[in-house]
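Supplied in structure tokens, the structure appears directly below.
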Amino acid sequence: MPANDIQLDEHGRLRHFLAIDGLNHDLLVQILDTAENFAGIGHRVVKKIPLLRGKTVINLFFEPSTRTLTTFELAAKRLSADVLNLNVPTSSTSKGESLLDTLQTLEAMHCDMFVVRHQMSGAAHFIAQHVAPEVSVINGGDGRHSHPTQAMLDLFTIRRHKQGFTDLTVAIVGDVAHSRVARSQIAALRMLQTGEVRVVGPKTLIPPGLPADVRIFHDLKDGLHDADVVIMLRLQKERMQGSTLPSSQEYFQVWGLTEKRLYAAKENVIVMHPGPLNRGVEISSEVADGDRSVILQQVSYGIAVRMAVMSMTLGRGAQTERAHAH
Amino acid sequence: MPANDIQLDEHGRLRHFLAIDGLNHDLLVQILDTAENFAGIGHRVVKKIPLLRGKTVINLFFEPSTRTLTTFELAAKRLSADVLNLNVPTSSTSKGESLLDTLQTLEAMHCDMFVVRHQMSGAAHFIAQHVAPEVSVINGGDGRHSHPTQAMLDLFTIRRHKQGFTDLTVAIVGDVAHSRVARSQIAALRMLQTGEVRVVGPKTLIPPGLPADVRIFHDLKDGLHDADVVIMLRLQKERMQGSTLPSSQEYFQVWGLTEKRLYAAKENVIVMHPGPLNRGVEISSEVADGDRSVILQQVSYGIAVRMAVMSMTLGRGAQTERAHAH
Amino acid sequence: MPANDIQLDEHGRLRHFLAIDGLNHDLLVQILDTAENFAGIGHRVVKKIPLLRGKTVINLFFEPSTRTLTTFELAAKRLSADVLNLNVPTSSTSKGESLLDTLQTLEAMHCDMFVVRHQMSGAAHFIAQHVAPEVSVINGGDGRHSHPTQAMLDLFTIRRHKQGFTDLTVAIVGDVAHSRVARSQIAALRMLQTGEVRVVGPKTLIPPGLPADVRIFHDLKDGLHDADVVIMLRLQKERMQGSTLPSSQEYFQVWGLTEKRLYAAKENVIVMHPGPLNRGVEISSEVADGDRSVILQQVSYGIAVRMAVMSMTLGRGAQTERAHAH
């Protein structure tokens, strides 16, 4: 099958990892299966494999995000890559250098991968369009647009707990409009043929233009009814400029996930959250720390999923060489 | 002997390293003996051993301290661990995440050790109380309370130069009240049955509640008389708020260690200082750079002592496995 | 031949790398030849060799420079050294510690190399005069004075494209007065007996005291005439205090390198620039991205040249040991 998405190479293999859109069912499953191989590595005495030894990974962060940076740095180091963290606002662009010049300069140093975090939608795509053929780009979150490794770790968490997707009802609850992860989650869940995908939240926080098969709820109880998986979103207070949103307390009154409200869902429901938590705003501590919460497991799986994406994109050469050797 | 201190595991081995209090004579000697094995590594061509390969060490610094950070980073790298430096104030807590959520998130990434530096007394203990069973915490200095790796490197320096402790007179001079290291030093020296421990300084800088067997001097000459070891403390100007202390110059006039004043001590006295030096405040350059000063050797030994503590806490699993294999 | 320059050891081998002045023809050629061995490493699957495994390299940056820091960090990591980045202004000196105390402290931690970046001329020399015998210092750029690794990568680029130097005309164009690299370039080109070295620029930007055999041009067309190599300098706007320089646009009108102006040079001229580019100020995008530009190759070669200098200075011990073994 010829690939026409920038993310795939001429053999349909993952070259960049920028967004769920443009990928396909089989690739998502391949990422999940590869991550499965890495999921146990965190429990080993030596948490390191030499898969990317001698490769150079640049964390190119145009906005700070310690949590995301840490996960990518750890994933790269556990694959034995050399990692450099570049905080771009405080560096070369301050000398008036353009983004493309910065990129070309880093490429000329023979870097193999850029993990890009940017406040503007499409930044990672833009960079991927301009890098040299042997360089891979991973989107570490761009604007409101996409955060695909987060979506994949959510899928991985669901598959680990629920085995498949086709019979599941998944409710995504809260500030969908300002979430960079919600769009990626919806795309990924649909691509894996999830039984029912719901978004649940106040009208002001549900964006227009959602896919027709996504069910929209403006009542929390209705939205949670018989759900197998509840994905809580972080209330992006810092992204809401001039919003008419009520106070955090008022928000919790109506939209906060409590044990009591969770009764509406299935008994074996799992509760997810991308972190960091706003306790007492979108979620109660009782639920976040309760036994249906899989929030910390999401973090663990996040390392495995990032190792999977890194090794699939950067390991293509090795596969090709091996293929040619036959 | 069953251990009831949080720092020890059920076999009485070092699990965390938070404070001298709660440890015992044999453990301190074990740390010094282990450090002895690492002390030569700085002189080798390859200054690296694979003891902690595949382990992840997080330097979790809530206040900046380049010097302390550097020593722990070097120690971890020379043990072949992967090291991540997290400067916490500028990162996740800025998104309103609680300390415990940050910790749990890092733990979920399968980190093995936190080196904690915090401006609040008890912070490292608090963190140690809440980490997962397989995680170790090392106190890199908390508030005015404790700085135990500094105390251990002081002991190591003394033992290297004076062989034992029981016949020694050790004078700790200066700003004892605001020093996070003085408390740890006093505890450690007493635990190793040092002949005589003295604190020497103006009344305003000697805290109440010192152990009864610690001798207090408010006259420098008397305090230095026949001392084998003089430990100068840094004048913590930045910690003295609204103090009625005289100027640096006036302080040096009365309390600064000069060659002349050092005549009061034994002829083979050694002079120590935790650094960074306030030259011309608590110590003259003549003394700091003189042949009785062992200040730079303290720095060298600091790497060995930190390697010792890291390998003892993180290497317990290996020991247990080996023990079980017999 | 006994060496009387601080940069050379008693066998005339490179101990520090601080400036081109004080080195000699053979040493420059040796650096270029060594870099040649490393130039291919960026294209390998595993871009790493174990030459400096177990060595500790400290990037001691007193002024920020992401680009320079990145190249030295990458070079050290590809040689398998352990690397620590110390941003000094925000660290120990803020506690009032002197530069020499900081240095001695780092030395006591058994660091093997300091890469020094400083805003003051002579800073790297000063540090090299005070380090322990086994420590090497590399100048990563000091004040307006020197940036010798940049000069060496320029030479390397020229030799790769033009084979030799003796028949070449090399024009250095622009803000020579404020450039830390121009002085190093002129010294290096003369040492390698370059046919003709020119500086080209407005009177206000050409410093007094250039060597007598350097030809000075105040007209761009004349200066470019029949040149084999054109080295454009960055307009150091941030270094010109109270200057009477015209606007960037006016500067480009008279001194900007365009395709049209480049006709004056030889047909197979190569165009170089140390980066970062001020597009539309000292150089047009057409030229910078054109097929006579070797600007990105300079960046690639920069890693190889830094690896060469690092391995030559730090690898001396091994050579000596081997020599003694015979």
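Letters are used for the chains, namely A, B and C, taken in the order the chains are written, and counting of residues starts over at 1 for each.
Criterion: contacts are C-beta pairs under 8 Å (C-beta built on N, C-alpha and C of every residue); 3 or more make two chains touch, one makes a residue touch a chain.
Bear in mind that the values here come from a model prediction, so they are computed numbers and not experimental data.
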* Asked: For the protein chains shown, what form does their contact graph take: line, ring, star, complete or other?
  -> complete
* Asked: Which angle of rotation, from 0 to 180°, maps the CA atoms of chain A onto the equivalent atoms of chain C, to the nearest 5?
  -> 120
* Indicate whether more than half of the residue numbers at the chain A-chain B interface occur in both copies; give same if so and different if not. => different
* Asked: How big is the gap, in whole Å, between where the Cα atoms of chain A centre and where those of chain B centre?
  -> 41
* Where does chain A touch two or more other chains at once, residue-wise? -> none
* In their complex, what parts of chain B are in touch with chain A? -> 53-56, 82, 84, 86, 90-92, 95-98, 101-102, 104-110, 317-318
* For chain C, which residues count as touching chain A in their complex? -> 42-48, 64, 66-67, 70-71, 73-74, 77-78, 238, 275-279, 296-300, 302-303
